[in-house]
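Take this structure first; my questions come after.
In this document, chain identifiers A, B, C and D correspond to the written order of the chains, with residue numbering beginning at 1 in each.
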Amino acid sequence: MAGSTYGNIFRITTWGESHGKALGVVIDGCPAGLPLCEDDIQQYLDRRKPGQSSITTQRKEADEVEILSGVFEGRTTGTPISLMVRNTSQISKDYGNIATCYRPGHADYTFDAKYGFRDYRGGGRSSGRETIGRVAAGAIAAKILKHLGIEVFAYTRSIGPITIDDTQFDKDAVYSTPTAMPDKQANEKAMTYLQVARKDCDSVGGCMECVVTGIPAGIGDPVFEKLDANLAKAMMSIGAVKAVEIGDGTAVSSRKGSENNDSFRMENDRIIKTTNHAGGILGGISDGSNIIIRAYVKPTPSIFKTQQTVNQTGQEIDLQIKGRHDPIIVPRAAVVMECMTAITILDAMMANMSSRMDSLTTFYSPADTK
Amino acid sequence: MAGSTYGNIFRITTWGESHGKALGVVIDGCPAGLPLCEDDIQQYLDRRKPGQSSITTQRKEADEVEILSGVFEGRTTGTPISLMVRNTSQISKDYGNIATCYRPGHADYTFDAKYGFRDYRGGGRSSGRETIGRVAAGAIAAKILKHLGIEVFAYTRSIGPITIDDTQFDKDAVYSTPTAMPDKQANEKAMTYLQVARKDCDSVGGCMECVVTGIPAGIGDPVFEKLDANLAKAMMSIGAVKAVEIGDGTAVSSRKGSENNDSFRMENDRIIKTTNHAGGILGGISDGSNIIIRAYVKPTPSIFKTQQTVNQTGQEIDLQIKGRHDPIIVPRAAVVMECMTAITILDAMMANMSSRMDSLTTFYSPADTK
Amino acid sequence: MAGSTYGNIFRITTWGESHGKALGVVIDGCPAGLPLCEDDIQQYLDRRKPGQSSITTQRKEADEVEILSGVFEGRTTGTPISLMVRNTSQISKDYGNIATCYRPGHADYTFDAKYGFRDYRGGGRSSGRETIGRVAAGAIAAKILKHLGIEVFAYTRSIGPITIDDTQFDKDAVYSTPTAMPDKQANEKAMTYLQVARKDCDSVGGCMECVVTGIPAGIGDPVFEKLDANLAKAMMSIGAVKAVEIGDGTAVSSRKGSENNDSFRMENDRIIKTTNHAGGILGGISDGSNIIIRAYVKPTPSIFKTQQTVNQTGQEIDLQIKGRHDPIIVPRAAVVMECMTAITILDAMMANMSSRMDSLTTFYSPADTK
Amino acid sequence: MAGSTYGNIFRITTWGESHGKALGVVIDGCPAGLPLCEDDIQQYLDRRKPGQSSITTQRKEADEVEILSGVFEGRTTGTPISLMVRNTSQISKDYGNIATCYRPGHADYTFDAKYGFRDYRGGGRSSGRETIGRVAAGAIAAKILKHLGIEVFAYTRSIGPITIDDTQFDKDAVYSTPTAMPDKQANEKAMTYLQVARKDCDSVGGCMECVVTGIPAGIGDPVFEKLDANLAKAMMSIGAVKAVEIGDGTAVSSRKGSENNDSFRMENDRIIKTTNHAGGILGGISDGSNIIIRAYVKPTPSIFKTQQTVNQTGQEIDLQIKGRHDPIIVPRAAVVMECMTAITILDAMMANMSSRMDSLTTFYSPADTK
């Protein structure tokens, strides 16, 4: 099936493998007239780039983006924007038993089951590098949202047992700490925790959170295209995510209605909620409060400890993974979360423009009455 | 936007409001030749029907389904199957302040923000009755899956603080207890808990779980159409669901890789996993183990306690909700979860049929070589 | 495959068979706030209703539409509009050899080849009655377009060898003549021609034309979603249509560029074309001139002359068709053409609303600057 | 709107402008295991390449394709195939009045009306070079079809008033004549006709035809996704096509049913039609006969004769077009027609695999019964 396209009106199609020639994305449906240059996109790619700290893979990739189409004289034209990043550090190596064995926690076995064989080099299409296209496209979505007064912001909430202290929230720390935690103390504890795990040839899981501010009420759809349903899909489509929460998430299941309902009140002539257990979405449609999403990420499946597995001929073997691997996925995945959220929100906002007759009649008022 | 359609190849379109004339669904893409009658569908609808116990709304609805098209001489024809359930118990009443005020936790405000006004009778399209179409369609998907050796099974995992004891798992109890819990002791505790909440004019949240058995490895897609991504969307599209987990879900975030990876081993010449933290999906594709999904449901927002809110003219008011409401959504929503899962799995399996060249050449082997 | 859905934003899903219980359509994505009642739709259905003249089938069907959802207090709510027409005149009869033989020019053989069997009663899903859903949905699209100053108008251009004289164009005649020709003289000649054909146990082909007036320039898309590409699909999806032309159509193939190019000129400060060979579309996008479409319809395949064919067991047989059949499809299909055109145009106009950044910023101007 | 994607299961997304850095396509949903190399694709691109004869533009482009992803060790992997062709001959020039004026017959005015501005260099996205992506993708679809015993073959049927003589049909001539006519005599006459037109600073229209052989009965869908409906869209989406015919096309409109119906007969134990007026499709589904499609192409709008037009500030001007332009589009567009047909047919065949229950049960027979 054609499964590399996401979005309806603002629609992206990603392509590329970990050790192929290049990776990229085609963005179709981007409105015409947006000022856009490589640097707008590069900033986002740099946040997911490997080799930036001791807790990311030491693979060296510049991940430089090239705009191949859809921009003319510095502005988007409304036609497809093709973005490409060349792979430069595909170390020519003996893939050894990786080519034939099924790494636990990886997609090796399931790819073979589906397709009959696979590009085993660095995980092929199931590699984390697949997200390059998402981030490149999300940078554009985020730029458009900024024009509309909306900000999307993701960060690391927890690493292993260490969770940020919300009272110490420091937005800048997200960009200056290797863990992307908005809390410098938590960052330090997490770094220590990670060094120990790494020494143990092990890896660590974590949680990332995304906040959308400035979104108006009324975005989303009542049934299958609920805004939270699409956000859940977007999050769960990021490799290694195993759970998604909106607002208070799992916690609501042990609450009473009187505790969980958010009261409406007036503030400066606008309707607001006095609390935000709902995470900014009611009945699948934004309610004007901040949208809050959390995604829980499993520990990197590539660990250096010896593991039991089988190979494709059905022999049970002991596996020793080598190479360059992040001991934790979360810090680099936070920008992916931000980008997938931006694309989802923008797509819903574009869809929303035709939801009322008066919007159509305003937009298409007959020429003689304009 | 057109948001009432779900699925790509097996595609359903639902319609209808809580207090309109009828609700229904069109199923398009159902394979030809499936034996089908009203009773196949009615069994599923009966599981979500109101008025079955003291913890469901006392609204009396037979919810009788009528097959309007797509079935000929007892078999599906491959053309759209139209199913309809007439509403019979739309009590003609004074909707009072419900028509103009925004109930906390409901979609009243967000509908108005999106569409400018709303069908306020019983929640209109945002009512739980909207799921009638999903269940009717899901009954068909589940029947097809059974033909393929696959079972989809959902039940209540927890209600408020009461969780089932897995060691006491009793499948039959799901159908015989009012809570749909597979554990009679837990059911009794939950019933007591619910009576207290009800007396307090309050409501309760809970968790439901779904297990898919018999699914072969290789179903799903690597990037945006990951099987778990689509399941997450399917779950979060059910009203009141605020979190979704696959396999061990949020718990993986505080694990080490060595704890979380599932080893592969051989059993009866087949590849199996020795544990199933992954919940049956690796890299977005089924791995042959059971698929495990959990959805967390908020307490019913309609409570009889007085609540603070505003009305559509911007006045702050005290709201007293009346009428017929379930104190908990989960027991009746479990069958909805089962149905949305069945549709998602079946659609992925149909998409999967063209994923390999050898499948195409087998299917379309030139006539002279047949 | 799920092939009964048409349109992206304004999206319709039709269902129903010729001799099933009912036929209908679900319209999803209709903007909220449109005044709508059964009569708006009934007017259109009445134009395609059988039994209105000597040249239509004598099957008696009231084709009364019922609105089942999506309308509240006389206005559309933005949620799916479900429309149903009950079949009342399914004469209980012996279908005789129709059940087992393949009528020439019909879909009997191809349905069996695809699905393994078919609903043979009156053509099942391949019957012309399938268009009831299209017309019901198109009536709504046409009503919306009227609000935007756009009219869609279709009529019979030719029947057999008789073509209308454009200099005698009389719009009212379309509604008052049995042929739906906008030329009373042509209508009379065509009626004579049809009586002869009928007496000969034969049927007749023809051509229908559709004109869209008032459409602004800029609607449509440059590549696959060209407005003319979607119109061509819409037309060719109507049973019995075998050719589609935009503007001068096939005639352009024997022209020179200097003859075929339409010059641009100014008129009342607006850009106009001095001719309209292009039929209102350039590069897949409307140019502000009238859109002109022609669809060529084959003679009704059901004729009373004896025909040679085979049955499903592979025997060669002589076939004598009985029953109630139109000797020509065009007069009743013109309203189907009008409706499919309206849906296609409206969907393109809704899609167009997000094509420019300045449209988005106007629509979503931050609250404080409004 | 996102309008650069075509196909449902075998899905292509094209990108690129005439004078941008590159053009390309992403093919998603290609089955795994197809042997594929650049040369498979280059053969098709070479047939549409400019500069091959006196009747094509003298722009020099090698149009060399690069496979960027989706192929591993010489076989497709089932993941997206990204193909790119770099532009090398974007002559740096003064675009002069082209940048500001609206060329008759071109999309200049309609692009401005839609997007507010346009990439005016060589037509930007509305250039014929846009079809590079279609041809590259179509080469793959055609290769798959060949594996299934199906051939798709397109050629020039007429140029201006010169039409091929079917009795002289010579398939090889299509590849050896500059006109791509399967009739050497017609080719010579057409060449003379074209030289005269060119001397007159004018251009010429024509007709192309496509034949699909070997397709089994049963492919396509009954309602909106009729095979002929999708073929009509595919054809009309090719720039400059103004009419599409299936089988006998417009001619059926002046026929009697008794003349137009194709009788069924038995031949070698298979059902065949004794004639093929229907062009291989009945009720939207293939009937096993050859599929016949014709597309009528307008004369190249770029002519060297002086033309009247307006510029974007609304001044009426005389326009003199310069540069490199084909006097006729058809010979190079035939391969585009072939490719769009191949993609459409393949996509329908993949969709068809899940149309029957017995196909599903065969494909997914439970492991223990295999």
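In this text, contacts are C-beta pairs under 8 Å (C-beta built on N, C-alpha and C of every residue); 3 or more make two chains touch, one makes a residue touch a chain.
Everything numeric in this text was worked out from a predicted model, so none of it was measured.
Set side by side, C-D and B-C show the greater C-beta contact count at C-D.
The chain with its Cα centroid farthest from the Cα centroid of chain A is C. Taking each chain's centre as the average of its CA atoms, chain A and chain C sit 44 Å apart.
Put simply, the C-alpha centre of chain C and that of chain D have 26 angstrom between them. Distance from the chain B centre to the chain C centre is 37 Å, each centre being the mean of its Cα atoms. Across the assembly, chain B contributes residues 1, 3-5, 8-9, 14, 29, 32-33, 78-79, 114-116, 125, 216, 222, 351, 354-356, 358 that each touch 2 or more other chains. Remark: chain A residues 8-9, 29, 31-34, 76, 78-79, 144, 147-149, 214, 216, 222, 270, 349-351, 353-361, 363-364, 366-367 touch chain C in the complex. Against chain C, in their complex, chain D makes its touches with residues 1, 3-6, 8, 14, 102, 104-107, 109-111, 113-116, 125-126, 130, 158, 160-161, 197, 200, 202-207, 216-226, 228-237, 239, 242-250, 252-266, 269, 271, 274, 277-279, 281-288, 296-303, 305, 307-310, 314, 316, 348, 351-352, 354-356, 358.
Note for the complex: chain A touches chain D at residues 1-5, 7-11, 13-17, 20-24, 26, 28-29, 32-33, 66-70, 72, 75, 77-82, 84, 114-119, 121, 124-125.
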